[in-house]
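Take a look at this one; I'll ask things after.
As written, the chains take the letters A, B, C, D, E and F, and residue 1 is the first residue of each chain.
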Amino acid sequence: MKIDTFDLSGARASRWNLDAVIDGLRVSREAAHNIRHHGRIRELPSREALAGIVSDLSAVLFPTHYGRPNLTDESIDYFVGDTLNTTLNRLTEQVRRGLLFSAPADAAGEATLAERADDITRAFAAGLPAIRALLVSDVQAAFAGDPAATSVAEIMLCYPGTIAILYHRLAHSLHQLGAPFLARLIADIAHSLTGIDIHPGARIGASFFIDHGTGVVIGETAILGQRVRLYQAVTLGAKRFPADASGALVKGIPRHPIVEDDVVIYAGATVLGRITIGAGSTVGGNVWLTQSVPPGSNVSQAQMRHDDCAEAKPR
Amino acid sequence: MKIDTFDLSGARASRWNLDAVIDGLRVSREAAHNIRHHGRIRELPSREALAGIVSDLSAVLFPTHYGRPNLTDESIDYFVGDTLNTTLNRLTEQVRRGLLFSAPADAAGEATLAERADDITRAFAAGLPAIRALLVSDVQAAFAGDPAATSVAEIMLCYPGTIAILYHRLAHSLHQLGAPFLARLIADIAHSLTGIDIHPGARIGASFFIDHGTGVVIGETAILGQRVRLYQAVTLGAKRFPADASGALVKGIPRHPIVEDDVVIYAGATVLGRITIGAGSTVGGNVWLTQSVPPGSNVSQAQMRHDDCAEAKPR
Amino acid sequence: MKIDTFDLSGARASRWNLDAVIDGLRVSREAAHNIRHHGRIRELPSREALAGIVSDLSAVLFPTHYGRPNLTDESIDYFVGDTLNTTLNRLTEQVRRGLLFSAPADAAGEATLAERADDITRAFAAGLPAIRALLVSDVQAAFAGDPAATSVAEIMLCYPGTIAILYHRLAHSLHQLGAPFLARLIADIAHSLTGIDIHPGARIGASFFIDHGTGVVIGETAILGQRVRLYQAVTLGAKRFPADASGALVKGIPRHPIVEDDVVIYAGATVLGRITIGAGSTVGGNVWLTQSVPPGSNVSQAQMRHDDCAEAKPR
Amino acid sequence: MKIDTFDLSGARASRWNLDAVIDGLRVSREAAHNIRHHGRIRELPSREALAGIVSDLSAVLFPTHYGRPNLTDESIDYFVGDTLNTTLNRLTEQVRRGLLFSAPADAAGEATLAERADDITRAFAAGLPAIRALLVSDVQAAFAGDPAATSVAEIMLCYPGTIAILYHRLAHSLHQLGAPFLARLIADIAHSLTGIDIHPGARIGASFFIDHGTGVVIGETAILGQRVRLYQAVTLGAKRFPADASGALVKGIPRHPIVEDDVVIYAGATVLGRITIGAGSTVGGNVWLTQSVPPGSNVSQAQMRHDDCAEAKPR
Amino acid sequence: MKIDTFDLSGARASRWNLDAVIDGLRVSREAAHNIRHHGRIRELPSREALAGIVSDLSAVLFPTHYGRPNLTDESIDYFVGDTLNTTLNRLTEQVRRGLLFSAPADAAGEATLAERADDITRAFAAGLPAIRALLVSDVQAAFAGDPAATSVAEIMLCYPGTIAILYHRLAHSLHQLGAPFLARLIADIAHSLTGIDIHPGARIGASFFIDHGTGVVIGETAILGQRVRLYQAVTLGAKRFPADASGALVKGIPRHPIVEDDVVIYAGATVLGRITIGAGSTVGGNVWLTQSVPPGSNVSQAQMRHDDCAEAKPR
Amino acid sequence: MKIDTFDLSGARASRWNLDAVIDGLRVSREAAHNIRHHGRIRELPSREALAGIVSDLSAVLFPTHYGRPNLTDESIDYFVGDTLNTTLNRLTEQVRRGLLFSAPADAAGEATLAERADDITRAFAAGLPAIRALLVSDVQAAFAGDPAATSVAEIMLCYPGTIAILYHRLAHSLHQLGAPFLARLIADIAHSLTGIDIHPGARIGASFFIDHGTGVVIGETAILGQRVRLYQAVTLGAKRFPADASGALVKGIPRHPIVEDDVVIYAGATVLGRITIGAGSTVGGNVWLTQSVPPGSNVSQAQMRHDDCAEAKPR
């Protein structure tokens, strides 16, 4: 008597030529692995895990907006405390994994990395109240700066700029504390959600507002003062990438703009290189700017000439 | 005998300094809460719930494309009816929550809000067939306007513009009926999915088509006629924001363009202020336009001069 | 005795006027269905299913980055083999559904379509090792081309360009093999995740790198050589759409640029029409280019004149 | 440069001796498969799918108890209709799979099985109103028969007997219509949920009540009249299993009891063989009964003698 | 041009005769609804919701066993507090629903019911520490009473009796506080998980232990002292159900046994009626007991005679 | 301006008296924790994780019945290999946790436990083919022993006895290899699913069959030969529990029956103590047996006298 009544032989047996494809993929992997010496598995940080962690940190910071709307005075600290605890436990594991990829190759063993991850995570937690204060200033700036905004709740829930800045401030903190890989991953999660791409190395002052936001790019070494306002598709980028004698790009040197306090940059403007936009300046839409401008400047496309450019004629 | 065999004391007891962080966050919350008088919990609308509602409304409107592909003549109305009923039940709850944030502070009690939410939801439901007719015109416009489109199904499933317009027409209906908060939330969900940011206040005629779409921004008071076509990164924005005597921005005044019937605006064009683009006009790519143009205009970057601008030379 | 204790009559009975709305929607559907002759249900491809399939294919190609980080030498081929098998089973079903919408209407019966779907899927599987080799070259190009990149793992996990290219190379393979609908759906999933819109028909050489990426558009008939690098908001589009005698757009003719080897195109540049950018050229940011340029060109906004355009003056 | 930074070689490479175990399992499978001739894959019915189907059928029958409690007069038929349609679509697929295992081996092709499955499913659907009427009688019997019952809702939600009978009546209908495999699977799902094991072949009249129920067993050929009441651990079983000349058990012959109308059987009673318990009889707890009794009998353990048996004495 | 390309007409249109079945079900519902006067929807308690609530209450009581094993001294109270708060919020809603079915028909309005639900829930919460103390005594009794038990953790995780008693003590508290419907639902959830059926009305002292447990039934008015031990299939049931003049069963009168302190009842024993088993007695396996026995009794099947009964003879 | 618009003060602030309840629970926990010395967190095995592991092991053993029905010759080993690998990885973690609770308190460090867990898991994996062979004999015994069984697939999917034996054979292997806690947990999962309670220590020969099964209990030191058949509610239990001088139960001594080859025990029979039922014997339903019987015995209730017991008389 037979137990399995399935006959697996026959016509379908080689439906996909699985063995050949799997062999080909193995060969491809091995060609790329031509140098092997680490001798251990390095677990990558998990994008999904980190997305959940950042979402829960948002709930810790703004419990009634991003956590649970029905929290009461007697329950809110329990919620914050329990969410914070579980989130930090998960974060330190991701930080540890990230250190495997950003720490010097000759670093101490895994136990040391776990301790460093705990230290980073503890310092990160200690900084959360200060981050919250900055974020409150950002939300206030959005309310003050957009005539379409009707309530704080709308800014918290409906503005991609709010998400981008919240994620950036968390990512920047991790970047500063020595977890650059995790920081980049958080930045890319925000990028995917909002179309706003802020490198976690960028230093951004209080009361920051980005309206609409799609296509905004802020580079690694950019420095923004307080009360800066940006619109969609603004680039604060590098102008050129110096290479060393061997032709490899030199990493880490300052190459993005400094934007001083109270600057407004309108949609589509492109600001490149280590230039300074003086305090209180306004940069008009679509402007292409590669030189520093003094405080109080009003940089714009020359309107008259552009009216020529944009010819309106009957067809 | 002990029941719990876990020893929770010891070195890990203060792993995260939880109490200190939680205290810091409470202080931060209380600093922001310096004015309190409402005396009740206001439940925020849920972005997740609303995303599900809009997805189900899409299925109600186009059951075989966004609902279930195997519906039959005998089953389709049951599907539409049951999905519509459950969706309206969930929508009215979200509308009610949204009213808490957009209704006048001295509004009547919660019971009244629930009734208003029911009224809005009922009127919204009554308008769905008309919305569907508009959307059919939009899909037809896409098929006619894109040489890469090969079938209606492709436009329904693979075009971000289709999603953006569908969500906008639903959001605009709620906006008109007095649920502006929910409307904004739907618009931002669409923005996140597509990179297209249409304020729910914008009024848009039939047969509207957006191709590619990333970076498109359409402002709150914009008015678009029929058969308008837009490409990626087009902005229909405000030029300036008037402030009142106290320096606060004046909200709600017309400040975005009027685009008449049969206008095409190519990628990257920026159209700002309460200007009118006359019927049948074409606005070229990257054009910066802040003045009205008459019907039949053909607005473009002056090609000759731009060929100068874009210098091609050997390196 | 009564069993059900619910009284469903009364005031709520017509809460939503369901019957009227459902009738209205049916009328709307039937107005659009005025031509009926197929006589069978056509199941649409499922976007959710396809998103899962592409995610699993990514895991097949890069098991430790996108699959499971703890795979070992003894287990990796089992993982690849099992994931590949289940994914191909699911893919062939989606391919079959897609063929219903792209195959000629007079095509043979469903059985034939299922066989064609199996053939396409088998050929697609056979091409995966070659696709993997191309993707490895792309990741190497990113590492070489971005001074902010610190590790290969960062490029695999944190760069939207990596996702966009991975999805494109899979979509392009399906497009070439005769599954254009599925290919478009994959491209739109990548577009939604990254803001990068590459038509699956576009032909792109090895070592391709897109930085930041939001707003990039690459058209159906574009051809890109090896070692091409693009920045955010670059458009490789069509200049005009020829219509036939009846006014319908002519589909499929070459209408997008040819970009030869080793070309770099900076942020916001718009390149339109069937022009050729010669090998080794550089196209500057925000350039508007509609004419071919020879190899080695350096196309840019005329800097001097633009410094005029961007006037900096005290307010 | 290497792309994958994981080194999979080394000590963990043979952590589980996977290859050897997999070989051993393959050998074991092949030993059991020594007869192969079917030449095709037979998909088994899915227990999980069927559990969902029966749960949804329960909702179709009692929409406000097992479906959605907030249904209204205007929405209830839409809910019933849509749930019924999707459930029947899923049921017919499971019926088709079950037929592969219960139909004669030389049955016609798969197309024929699909048609038979549709026929069975359609007939099953047609019988649902009659099944509902029987179930209403069962619930009424529970309310009348248990002094602890306080409401119909309690009987619907808190009595395992209700679930067991509901599942049995559905399973019996499928059994009668020619889908015995599915019927058995439903019976076993109910058994796992309730501890009550009723073979789907058993024929049970209206107003049936099982109290507590754990351990009840009712055999394949049992016949129960109307208004029968059972308590926990009652067995209506077979006394012996006749074997044929070759020693194999003879299947299908009547071998379980006939229980006439208005019989009550108390906890732990064991009734075996093709005997008849006359109408209106009572069988006491723990009774062991293998002979028929006339109508109106009162079968019990002889109390006096049993008081002897149960000796109470000081320790 | 048609938008929907599906043809829903044709052969499949009446696949299931949906309309006829739905009509039949509606007629069946209406026949059962012949008395209607409540005029409002009564939402039933949700079994799924309650199962989650009880699971979370278990975690509140034993955080490291049923909650999270990695809790620390600094985090455990936050976990307990947050879990308790969310669980009580969900419980009060279910209590409110249950009151609709158990409260007098002429009870005050819904607002009053919500207040009563809050009162019951608050009192229930206040009793949790005392319930925990009882449960600790039960676990200790299990450890002391089963030679196979190797650790407290094993008793917490692997003994169905532990679950049955935990659920019963929670259910009994709700029963006492005036939420009998919810209490019954919890009891039936435990019954389904464990095969142990304890009516929430039963009063059970500390240090209670049930071994194996399948088939145990304890009736509504049973009273058990301290340190009682039961084995599988023990029934503490009613002997007869008095009916009133109209023939309806009289509900609520004491009809189940009183079991005093330190009694052990072995597997399969059936104890029926309002009898008393005196303190310190032992009731042997399979004993049928319907009369009170004094303290210190040792009730068993008369072994000698039973050895006759169980005849061992060669076949 | 305030950011959070929620007022959390007021009447609801002490809705649940959370602080008092949490304090009470902490006091209760600390009372039970009066002895603390371990100084580390011991993570408990997870019942949910283990349930998933056992389910996946079932799929490894019988891929087409419990895994995926559409496996083919080219894919089946990949499925088995990948499922086995991931399952063993998860199992070793649970084994490690279990060792914390069953290993001697003075055991070596966590690293050693992890190695022991790996050793146990590797040995367990090596034994899977032999376990599969036993299970095949069990299924064949069911098919041969139940006249209602119509196919092997029915036995695999619809018989609780199959699940109980499968889980037991896995649990017994872990028990033998030194993972008794995990083994007990698997046994209790099977008990909850089937109502059949087999201690993992029990030794059971090939071709074992349990029909119906609810209420079966098999004790820790029971030994069953080959071709044993049991019906529902059979107990193979201990008769008494010897205590040591201090009154504590002596653990681990043989105290359950030995059942030799080819024995059948019918429903409800109770067999207690370290007795031997000789090969080929039959034990009748409801028999109470506490003495050994020689091979070939036919033990039953004395039918004549029992017919007296069960008196049938007119009421």
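Structure notes:
The definition used in the following text is that a contact is a pair of C-beta atoms (placed from the backbone, for glycine too) under 8 Å apart; a residue touches a chain by one contact, two chains touch by 3 or more.
According to UniProt, the chain labels map to these proteins: A, B, C, D, E, F = serine O-acetyltransferase.
Given the structure is predicted, the values throughout are model-derived calculations rather than measurements.
Chain centres were defined as the mean of their Cα atoms; on that basis the chain farthest from subunit F turns out to be B.
When chain centres are set by their Cα atoms, the one at the greatest distance from subunit D is A. Per-chain CA centroids place subunit A at a distance of 23 Å from subunit B.
Between the Cα centres of subunit C and subunit E there is a gap of 55 Å.
Mean C-alpha position of subunit C lies 50 Å from that of subunit D. Across the assembly, subunit D contributes 2-6, 8-9, 12, 15-16, 18, 29, 32, 41-42, 64-65, 69-72, 74-78, 80-81, 84-85, 101, 136, 151, 153, 195, 214-215, 233, 268, 286, 301, 306 as residues in contact with two or more other chains. By the touch criterion given at the top, residues 15-18, 20-22, 24-29, 31-32, 41-45, 47, 101-102, 180-181, 184-185, 187-188, 191-192, 195, 197, 199, 201, 214-215, 217, 219-220, 233, 235, 237-238, 241, 248-252, 255, 268, 270, 272, 280-282, 284, 286-291, 293-294, 296-302, 305-306 of subunit D touch subunit F in their complex.
Across the interface of their complex, subunit B is touched by residues 60-61, 63-65, 69-72, 76-77, 80-81, 84-85, 88, 118, 121-122, 125-126, 128-129, 132-133, 136, 144-148, 150-151, 153-154, 157-160, 193-195, 212, 214-215, 232-233, 267-268, 285-286, 301, 303, 306-315 of subunit A. Contacts from subunit D toward subunit C in the complex involve residues 1-6, 8-9, 12-16, 18-19, 62, 64-65, 69, 71-76, 78, 136, 139-140, 143, 151-153. For subunit B in complex with subunit D, the touching residues are 68, 70, 72, 74-75, 77-79, 81-86, 89.
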